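Letters A, B and C mark the chains as written, and numbering starts fresh at 1 in each.
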Amino acid sequence: MSYFREKRIRTAAFLIVGFLLTVAGSQRIQFDWILMITHFPAAITRFIQLYLPPDFSELGRMIQEMGVTVLIALAAAATGMILAFFAALAISARTSKNKTLTLIIRMLASLTRNIPEGVWAIVLLMCFWYGEFLAYLVMSIISFGFLARVYADAMDETSMDCIEALEATGASYWQIIFNAVVPETLPALISWSLYAAENNIRSSTIIGMLAGGGIGYLIGNYRHFRQFQSLLVAIVLVVAAVLIFDQISAQIRRRILQ
Amino acid sequence: MTEILSLKHVSKVYDNRVQALHDVSFDVRQGELISIIGPSGAGKSTLLRCINRMIEASEGQILFLDQDVTAADKKQLKEVRKNIGMIFQNYNLVYRLSVLENVMHGRLGSYSTLQSTLGLYRREDVEEAQRLLQMLGLQDRLYEKCSKLSGGQKQRVGIARALLQHPKMILCDEPIASLDPQSSKVIMEYLRDIATSMNIPCLVNLHQVDVALHYSDRIIGMHQGEVVFFGRPQDLDDAVIEKIYGKGLEDLLRHGGQA
Amino acid sequence: MSTLASNIQAPAVPLKKTRSGRYQLSQKDVSSWLVLAVGVTFLFSLIFFLGFAANYKWDQFSPAVAAKIATEFFRFDKIAFADQLSILALLINTVILGFITTVLGALIGLPFGLMAARNLSWPWLSNLIKALASFVRAVPTIIWVLLFISGYGLTSTTAIVGMVFHSWAFFVKSYGESFEEVDPGTIEALRSTGCTSFQVISSAVIPSAATRIISWIAMRSETNFAVAVVIGPAVGVAGTIGSVINGYSRVGDYSGLGFSLFCVFLTALVFELILTRLKQRSAR
């Protein structure tokens, strides 16, 4: 029984340490547990007072900006897709030719992926100024970081014995890429790109608030001028767009990857 | 009979100092089917891949059509590879593409990247691919995705791809190791026929001694990277088998011919 | 007669031709049509956006600032030691913010995850919880925080409440999926020996899903850290590394900005490495 006992002790110790860390952490950042629970009904009441009833007067403009957001999200996903494809060729063990290049691209992808989109927006804002183009740049960067990783994984996971066969027929490197690697991984690439586009729509709110462009810019504005009743409509619009896009891309993905 | 290929004192040592091949010499003549037999890890696969330089040999000379493969530059190597067809144990097809597209890959060496990517192959090449598939009994499967084929059919696509190269020789790496006995027989008949009536020599790695005995003109027996036997099937007696596998033919056949 | 030659007498099936008279090499199925359609949509959006919609005026681009970013970003020596320490302290605050959110989300999510698992719950309840969770997930995290500001004010409590909503929904979905993958035989066996539902869950369901649960938690920690970073500048919650990044960018202190960014990057990288390790371990 000693094994189970040891395991139980380990679990208990893990939980206690976690609990202590949480308590000490909330102490440090002044997170108030009691307030969180006791104040919750009041917070809901306040929300209802401020945000309801929804104000639809600017719906037309919102829909237009939502369209812009979707366009930016798709364009950025496409940019990320193209760049990430070549990056993944350099990263994946089966297709990389040059060790230094692999290392550089790996670091680049890791850098773009591990800095949050909002921070990219702040930094690029300093030299690019507000607007749709900046939103597009930020989304392209995060799409690239995300896609480079999942593409490389997809290339590593797919059976790539065909590379050896084409090499033996005397095909060149790019012939092997376009006649074997691309056909074999394209469905996976496309379905991940759809995922990246969906992610872009989700993060369009935060990017729009910080960098301008699309529905996020409107949301930031409504908040700034305390037009909460319009803000609610804009939020519902974003949620609807995310849900619809999620449904469509799930259907497409299921049929592509059959 | 002219010699297509001859290996002279070829050795291969891997980075971790494993001696995979040691002083291998033999030659392949027009229209022959030569089997390479030996236990797993004897260096059969390495030997085959050294010939078209998928693996670089450490020492020795490989003469293919009187040209030294080991000294070939990039352009010459491409020509060598175009002239040598290769067939694999796992078929190594692009499974999401159609049968016809996979066979056309055999001609990649004579097209530019742009042409091959857009599928702009010459009419006569496509017609030839069709004829080859017809010869191999796949004429009604031209547009099927390769993932939907059976093992034997996949290997036939592999053979068609190799034949479309107009090869001067075909290397076969365990072509029937993943197949059932019935498909194995069909594939071996085809290889035999390619060697005899199309006059293209085949160098075949085999697991099964009985298959090698039945189909080969000559047999190479390998043991731990060395050639311990090179001669006609009828000279392969029990003593030699014992030298290759460490056990007798009776033993091997009792276990279904598998070593 | 040889086999190959005899086969050639079998009736030939004619090659199909495309409209341009070339031989057709493949037949398009649903999958390849969809791939083509989605790819074209992507490319069309890109061309349309860059060509017509973006309208970017390149005189807005300031090469001087870009050059400054490039040269002064990594001059960590230009920042006072005290500033470096305070940046690190804010980094720790940010990590804590993400940590508490993850803990709360993972704990509150557990009972709902059990209810969402089809094999442990009633179908109507499972569907209800799943629908609720997917709705909550569709609302971006930052919006949840925004919605609670009016109630709680601009404090870390607001940030946590808002972030917990989204984490909760994430955990409900991922727990539910993990629990549904638990071998039904194990559950059946315990039920037949007369175990209570609680015993079944604590001794069979959770332990067999444990490795996956841990990697979900690691995954969410990574996300929550990123959210905690941007919550400062986007919403205005003070006391995180995000707010100091925003501050530096406003006053144009490139070295401070570079140092804070570097801290964020390294922390995120550590999260990613842990996650990769966990994934490799659970794959084995």
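A few remarks follow.
In this section, a residue touches a chain if its C-beta (ideal position, glycine included) is under 8 Å from a C-beta of that chain, and two chains touch if they have at least 3 such contacts.
Predicted model only: the values in this text are computed from it and were never measured.
Using mean Cα coordinates as chain centres, the one most removed from chain C is B.
In terms of C-beta pairs in contact, A-C outnumbers the other of A-C and A-B.
For this pair, chain A with chain B, the centres built from the Cα atoms lie 47 Å apart.
In this assembly, the C-alpha centroid of chain A lies 6 Å from the C-alpha centroid of chain C.
Annotation for chain B: residues touching 2 or more other chains are 97.
Contact of a single residue of chain A with at least two other chains is seen at positions 186-187.
Contact residues of chain A toward chain C in the complex are 18, 21-22, 25-26, 28-32, 35-36, 39-40, 42-47, 50-51, 68, 71-72, 74-75, 77-79, 81, 110-111, 113-119, 122-123, 125-129, 131-133, 136, 186-187, 190, 193-194, 197, 202-203, 205-206, 209-210, 219, 223, 228, 231, 235, 238-239, 242-243, 246, 252, 255-258.
Residues 159, 161-162, 164-172, 174-175, 178-180, 183-184, 186-187 of chain A touch chain B in their complex.
Interface residues of chain C facing chain A in the complex, by the touch rule stated above, are 30-31, 34-35, 38-39, 41-43, 45-46, 48-50, 53-56, 60-63, 65-66, 69, 92-93, 96-97, 99-100, 103, 134-135, 138-140, 142-143, 146-148, 150-152, 155-157, 160-161, 226-227, 229-230, 233-234, 239, 242, 245-246, 249, 252, 257, 261, 264-265, 268-269, 272. Taken in their complex, chain B has these residues touching chain C: 97-98, 100-101, 104, 119-121, 123, 126-127, 130-131, 134-137, 139-140, 142-143, 145, 189-190, 193-194, 196-198.
Listed in rising order, the residues of chain C touching chain B in the complex are 2-5, 7-8, 10-13, 15-16, 22-27, 29.
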